[in-house]
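For reference, chains read A, B and C in written order, and residue numbers begin at 1 within each chain.
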Amino acid sequence: MSGSDRKVIEAILLLADEPVPATLIGEVLETSTVTVETLLKELAAAFRAEDRGFVLRSAAGGWRLYTAPECGPWLERFVRNHSHARLSGAALEVLAIVAYRGPISRAQIADVRGVDSDGVVKTLAGRGLVTEAGYETGPGSPVLFTVSSEFLERMGLGSLADLPPLKDFMPDAEAVEAMESRLSPNA
Amino acid sequence: MTYEVRLDVFEGPIDLLLHLITRQRVDIYEVSLATITEEYLAAVAALPQTDLESATGFLVVAATLLELKSARLLPARRAADDDGHLMEERDLLLARLVECATFREAGTWLSGRMAAGAGFHGRSAGLEPHFVDLAPDLLARTSLVRIASAAARALAPRPASLLDMSYVALAGPSVKDAILELAGRLDGGGPASFDELCGRGTSRVAIVVRFLALLELFKAGAVDITQTHSFGDIVAVWTGEIPAGEVVAGAEEYTIDLGATGT
Amino acid sequence: MSGSDRKVIEAILLLADEPVPATLIGEVLETSTVTVETLLKELAAAFRAEDRGFVLRSAAGGWRLYTAPECGPWLERFVRNHSHARLSGAALEVLAIVAYRGPISRAQIADVRGVDSDGVVKTLAGRGLVTEAGYETGPGSPVLFTVSSEFLERMGLGSLADLPPLKDFMPDAEAVEAMESRLSPNA
């Protein structure tokens, strides 16, 4: 019974080309999501224990089969056009702003950074990391951006709620004090 | 203290300022704002090329730095409200620096996390042929309008981004106002030099506006202008022939207004 | 050694979307084809013995992972319910580009979009919406794509000439004008 459920889950995962929500699998199996989640976790653990070439990961609200990172060097030639190009510092900064402040318009991003960032936003959109998410109500109704589910998947995050709190990245009191003293007229 | 300007391409003024301010990890009492300002200006001068928008951004930050610097050099001038204003400017700049540093750090974290995720390649072989026919119709919710809109979006020539001037709130002084002001001073007040009419500490724009106002008054015949030699004092005297109100009505409006709507 | 080879083979099979010849795997692993064939047969037997949801079969001159036939009924349900029924934004865009600019190569599509679009093209081709239409004359003679006659039929178009003119959908001139007027001194 549970063995057959496991088998169907494996088959579904093989067909899927994006993360599959446990609820969807539950519908197919006519089983509770909790049961499915348990089976998925067992399966992921089993693949790990068996040292398989594929791993089962949960990200972007679903489960999907991935190749084991250790196989990377051998897989290079099979992975066509996978953009491995590293993101620039500016791109990472904008990505962080969109992740934490999205939905956000180009102008608001530029406000935070103090510099026009349209080119960077376009690059990130082209890489599928940020995506348009409607329009702001207001003059000119500018486009709003959020991070994409592909971003969440690549980060291995279930949702934006899984991002660490922004305050973890704030410069510490000492650093802020140092900045302040350098800006003070009485320094 | 030695400093070299690295030819980094800085991403805007805040980026540059953050770089300069965090780089100087020496005894903070030894570091003068002047040094930072000088480095800042040197770095700006070394920028390979900038567009007008980022150039103004750099200027704003540089101007703030210079103001802070001058306040430090001239302690006597530091009146209470000057100080308040300066502190406000500084706090604003500081808040932006902290915000920028925060997002930069967050970006670094994202980068590490993404690098860790890059080793995983998702299964994407898609449906096996015998399942394809079962898959719901992809075009079910697609209309021609959606297709055409998507094509237009993708194929539209990317316009060179236009300079957004919406934030430039440079509502200049009005020439008409200046005419009335000058008339008030000259009518019955005897001759006055242009320097006197402008007073001390008047901005360049205000001086230009007053000069235009004076010319309008002269053109209308309300004042006579004399100048004894080139670059000498311009002296204006009220003729009393034309009321100031008439000059105002006929004057061209030169108000310098860069489309500052809203802000 | 053989354990690690087995792992890489599994990873390769997970990534492959068509049968992979044993010789190709042998090149990657720097092993003889005979060794690879042996490993593949062992792996296929192991998957069968473990009653997995996927089976490894040799077909069309190579090896590929397929879903286990016994899972068919559940997979049909999964495919019917699956939300990837809707065209993704990327798929819609590629479809539109192929409709208006076809015959067009993958590289040209990527040029227009500023991002690699091979996966999307493959999906659209797999679903019968775009189709190969010859080869470009030129280096590498890349495949050219057009929309399929099925697409035309479904959209109620007699031919591509019946597509609505693109200019009707270009970003409105008004928005551009509004921006320009803000720049003029007498706004």
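FYI, a residue touches a chain if its C-beta (ideal position, glycine included) is under 8 Å from a C-beta of that chain, and two chains touch if they have at least 3 such contacts.
Being a predicted model, the structure only gives us computed values, none of them experimental.
Comparing each chain's Cα centroid with the centroid of every protein Cα atom identifies chain A as the most central. Distance from the centre of chain A peaks at B, each centre being the average of the chain's Cα atoms. Rounded to a whole number, the gap between the C-alpha centres of chain A and chain C is 22 angstrom. Between the Cα centres of chain A and chain B there is a gap of 36 Å.
Spacing of chain B relative to chain C, judged by their CA centroids, is 47 angstrom.
Contact of a single residue of chain A with at least two other chains is seen at positions 13-18, 54, 65-68, 70, 75, 79. For chain B, the set of residues that touch two or more other chains comprises 121, 123-128, 131, 164.
Residues 121, 123-128, 131-132, 134-142, 144-156, 159, 162-166, 257-259, 261 of chain B are the ones touching chain C in the complex.
The residues of chain A lying in touch with chain C in their complex are 3, 6-18, 24-25, 27-29, 51-54, 65-68, 70-71, 74-75, 77-81, 83, 122, 126-128, 131-132, 140.
Within the complex, the chain C residues that touch chain B are 14-17, 65-67, 75-76, 79-80, 82, 84-87, 91-93, 95-97, 99-101, 112-113, 119, 122-123, 126-129, 151, 154-157, 163-164, 166, 168-171, 176, 179-185, 187. Against chain A, the residues of chain B that register as touching in their complex are 11-15, 21-22, 24-25, 28-29, 31-33, 36, 51, 53-54, 57, 61, 68-69, 71-72, 78, 86, 90, 93-94, 96-111, 113-114, 116-128, 131, 161, 164, 262.
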